[in-house]
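These notes open a run of structures that come right after.
Same chain, two partners: chain A is paired with chain B first, then with chain C.
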Partner chain A sequence: MGVTILQQFPMLENRTGPQTIDFLTKRVVALGAIQCGQFLVDCDTYMSTPSLGPQRTVHVMHNSEQPASVFSLLESSGKTIPLVADGLFDLLMLKMTPIYTKKQTKVESKGPRFELADFCIKLGSVTISQNFKGVLVEVEYRPCVVPATCWDLLREFLQGFLGSCVPSMPPQYLQPRMNEIYQPMDTIQQYLEHFSMYRKASGVLQFN
Partner chain B sequence: MAYSVNISIEAPVENQIQEITYDGQEIYQTPLTMSESLAKLAQKIDFSKSACDDIKKELDVSDGTDDETSSKDPSAFQSSLWPWDSVRNKLRNALTEVCVLADVLAIAKEKRYMVLDPVQQEMHETKPIAQVYARKKALAGAASVLLNGSERLRACQNEAARNRSTPDFHIELLRLRQNWRLKKVSNTIVGDLSYRTAGSKYAQAGMFEVTKAEDDNERSNSPPASPGANPKPASALRVTVPSELQGVAYIAVLCQKDQEDLCSASINLLGSAPKSSNADMHWQQRLEAAQNVLFCKELFNQLAKEAVQLHAPIPHMVVGNQIMASTFPSIQLIIGLCHSTGAGGDKKTGSGGCGAGQKAEHDHVLEHSLHQLLREVHHKNTHHPFPHPSSAPLGPTKRRCLAGPTAADRYQLLEMTKSQTLLEQIIQQAQHFFLRMRTEYVLDTIIKEVKDPLIISHWNALNSPTFSCVKINIISHGYDAVGRTSLIIQVMEKTLKCVCRDGRVMHMSYEPQELRDLIYCQIYQHQLTVVQALARCMGWQYLANSAHLGIGAVETRGNASSCILASPMGDRLIAVRCEPQGGMQVSIAHSPKKDFFSGQLVKERKWENLGGSFKEVRWDKMEGKNFLNKMELLMASLTSS
Partner chain C sequence: MEPLHTALGAIKVLRCSVGQVFSCLANGVRADHGEEGRDAKFLSELDELLSSVTQHLRDVEQAVNSLSQPPGPFTLGNTSFLSQECTQERQALYSQLVLSYKWTDKIHEFSNLSVALLSQNSLKRSYTNSSTAKRRRAPTSSHNVPPQNVDTVISSIDRQFPDMNISVSRPFGANAVLQVTLSRVLQAVVALKGLMIEWVVVKGYGETLDLWSESRHKVFRKITENSHAAMLHFSSPTMPELAVRSFMTWLHSFNTLFSDPCKRCGNHLHSALPPTWRDFRSLEPFHEECKH
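Coming up: the complex of A and B.
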């Protein structure tokens, strides 16, 4: 368990999603990383029925890095309540269909997973109901659990193979939590931030 | 009878007292009138008593007159003398009967309509005989029941009197019931001695049958054979155990080195030699033995299964009743199931393990841990960690249950899936056992070999089956306060770890030579450090010190070390060279050279202060008990001279 930074990689006009992933894979392998299987992060969104008062949204997410857990984020009246549960939570949501209905389509980020010394690199292509949306790069630095102490290292490492698209400031979500111990839930929160951005945007996200 | 006196008896004049009022006044009954007293007396007459006589009299007298008088009288007195009514009724009834009888007789006289025949009197006579007969029969039945009962009671009493010590069947059954699981199936009592309720999943059933011992035939045989010689009473209860569970079984554990026993652990759980005839044993012992057989079988079965499934670099072998697993090169762990069936005397089914187990020295530890391991498995099967959510599956460990909510990652989950089989655990324990023994042996031989610094080893009394610790102190006799070297050696399954006082950590393999070398190095290091400490006490200066001297012959282990000491005046030098192989060499030098001769190159006298060449001291000729003592004397002599 370490600190994870999630970073969007800009799509170029003349490249498709798989081409971008291939391009990044070559770079990462050139650094000496070894591919260790695949990874998958998915997100289902449930909305409460309007008859129950103010509308609430539940995001149910899975991360292949924590295969025994189900993460859920309840958004209600401006607050976000995180919850980590075990696999039975999925079955519980099935029972809750009268209250929470699956409104939006599933968002997924999946792709190859690499290990390079203390780093774990994941190149994910984001799809919303099978439509390609963009590329998310996740880098984890495993020996450290406090983001503030390893942010500079991570930024440098990210810039090393992603280029100038990496900002000098830590991600929005992590900024108030830089001196706290990093939790797996924090990774999920970052994914949710990016997923909701992809949902709002129509078509493939472009960066200039 | 002149003196006869007429005595008249009459009722007293006083009237009967009816009531006494509270003030003592007596209220008398009014006396009866003549008619009243007559009626009273007439009521007392019992007419039925003399009914026959009356009828006979009336038969003789003509009907009419009687009829008139009797019918007239009641009617006349009816109103005034009501008490006469019963008399009247009775008379009337009698009259009716007499009339009827007269009519019957009149008819019978004619012999036309009616004939009077003598009635058979036998009817009355046979009836009592039959009754008597029936009563006799009933009494005989009741008597036989009572006699039977009394007979049984007497037999029981006689039996109890004959062998007062024999316990009752039912009491024995109660005792059995307190310790074993029994149930009644139709007419038989069946018990279960398997460990299934304790969490075992072994398929073999451990059923036994409980019957009442038939003492009679046995009794008839035994008294002539041994009259009072056998004080132990036979039990009233007999237990029948299936043949495959009879006898005595145990697991023999041996460590073998190239067919030669190094150590062995073989234990008979009952602690006693297997008895030849099981029939003589008490049921409790028989059942315990059978249960033990079942347990040993389950244990061996489990181990054999694991031995086949386990993929070890050197595959484990299962041959017959023996499992062979390799622990260290050329050292094997042999686990054998020994089962001697009681009926045929000492018929051993365990082939190799048993014979070797008998002669070798018993060590209960490994065998005991095998039992313990299986019991742990049983315990885990029945005791699931709390809580048990109704929706969650039973069985995963507590850590696995919490893995979801604590968001354990894939590495942690992978770690959780790893579990050791019984065989792996016992092999580890055997390895540790063996390594510990080896370490003990190495240390003891070194302690025996090396006399000069004393080596003291303390084994920790508390240790786990796969981890133990020994603390080694090296001290010089008589100079304990000057300095000591202590180190700790941790004995694990396949490796040793040595932690020195200064924080150095050294890992060693299971080869004993490595430990030997390490201890020898420590011994010489100790000598050198203690010499330095002693020099400080004596006021000597120590000039140089090298733990790894680069000069001299190449050592087989470690490097030679040395130190140079200077006397308080600075005019004498002592050099100590310490080779782990060769021992200690001590040389001395004088600072103003005693044998300075000016040559062509060094002409001036001042150069004699540089110090001369070192001369080796013949150490074995030195006075002193040990090295440090000799050093002390040497320093003292050099200081004084």
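Coming up: the complex of A and C.
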């Protein structure tokens, strides 16, 4: 598991989602990357019934990179409790329908997956219940496990094919965790951060 | 051996004095005996010589008496067959002996000259040191070092770098295999033979370590390749400890593998790889393509 950075790519008004993905695909292939299948990250959100005291939210997420795991994030009174479980967790959630009800619509990011030397690049188009919302680019540098040591390297790589939209600071979520060993959960947390941003925004995000 | 030498010496002296007696007799009365009473002088000289002969004969007898019987037959090697041939001419030994004597004489002379020249010449290419203090020290061997010495060398290197952890195991008998963990950047297996580095494999942090399989990541496969070059570069049969120490110092410089940009082009990446080359002397980072 290497360090992953998730980055929004700004949508231009005269370009549709698939066109943007095509545009980025051409750039990535020009660098020498090879397409290795597709990827999918999805997020279902459940709310606890109001009769059980203060309301809690559970996000249940899947990542095709870790196909045997289910990630869940429980938001309660300002804290987020992460949990990694195996596939049976989905069935458990079905049994819990009296307590947790599926409230919000499903958010997905899917698209082509590329490999270039030790980098893994994913160009995802984000949809909220089939409505296109924007483009999320995920870049993983697999040999390195500590974000602080390879942030400059990753930023250089991201800027190389995304241009000036890449900020000079690491993502908000990673900043307090720069010197810790990167976990798959950290990728999921970054996705959740971006997904909730897309949910709040109405229509397609123009710029980040 | 000593009494034999004295006996042979005594015989030589005896032969000499007998020879003097005969030469005196052969010469007869000489001019230096003068005119007067020359016969008497001649006789007294002869008398003196004869008495010295008897004295030397006594010496010989004394020396021979003190000799002991040799305990067994002498082992003379092939030279014992020389006695089988009675005619000396057929052996044709004399000329060959003279020739070989001349050769050994020459060799002796030349080697003396060359020693004198070489000891003055300071431009030495080999590590042999002519100073007597160093010569007395046992010659160092890189591959036949006791395990305790290896352990002390490794633990001193381990202490030298706080962020590099080295553990020693001996799965193949006496020879040590080192597992090196360099902060949270990389891991390496180093197989030693005595204090000589035989094999190096570099892998990523968290990958399973073994001696034979390659790393999943391209960057560590490249570093494995480069560390083989380093292992050959630093190898020094006469100073094995220094070789291991220099190699470990070089390997330690990779703790900034992902964070240091290339010294030449200033970028982090070149063909999607970080600077995988470290200069052997300055330990500065370079890309594979930028090192020349």
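Keep this in mind: the second predicted complex is superposed on the first by the 207 of 208 C-alpha atoms of A that agree within 3 Å, B and C clash if a C-alpha of one lies under 4 Å from a C-alpha of the other, contacts with A are read in each partner's own complex, and residues count from 1 in each chain.
One rule holds for everything that comes next: a contact is a pair of C-beta atoms (placed from the backbone, for glycine too) under 8 Å apart; a residue touches a chain by one contact, two chains touch by 3 or more.
Because the structure is predicted, anything quoted here is derived from the model rather than measured.
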{"item": "Fit-or-clash call for chain B and chain C when the two complexes are aligned on chain A", "value": "clash"}
{"item": "Touching partner for A:L31 - first (chain B), second (chain C), both, neither", "value": "second"}
{"item": "First (chain B), second (chain C), both or neither touched by A:E156", "value": "second"}
{"item": "First, second, both or neither for A:A85, with chain B first and chain C second", "value": "first"}
{"item": "Touched partner set for A:M96, first chain B, second chain C, both or neither", "value": "neither"}
{"item": "Partner chain(s) touched by A:C144 [first = chain B, second = chain C, both, neither]", "value": "second"}
{"item": "First, second, both or neither for A:L52, with chain B first and chain C second", "value": "neither"}
{"item": "Touching partner for A:V70 - first (chain B), second (chain C), both, neither", "value": "first"}
{"item": "First (chain B), second (chain C), both or neither touched by A:L12", "value": "neither"}
{"item": "Footprint overlap on chain A, where chain B in one structure and chain C in the other make contact", "value": "1"}
{"item": "In the complex with chain A, residue positions of chain C that touch it", "value": "184-185, 204-206, 216-220, 256-259, 261, 267-269, 271-274"}
{"item": "Residues of chain A touching chain B in the complex", "value": "1, 64-71, 84-88, 91, 183-185"}
{"item": "Interface residues, chain B side, partner chain A - complex", "value": "389, 391-392, 400-401, 403-410, 413"}
{"item": "In the complex, chain A residues that touch chain C", "value": "1, 31-32, 116-119, 141-146, 148-150, 152-153, 156-157, 160, 181"}
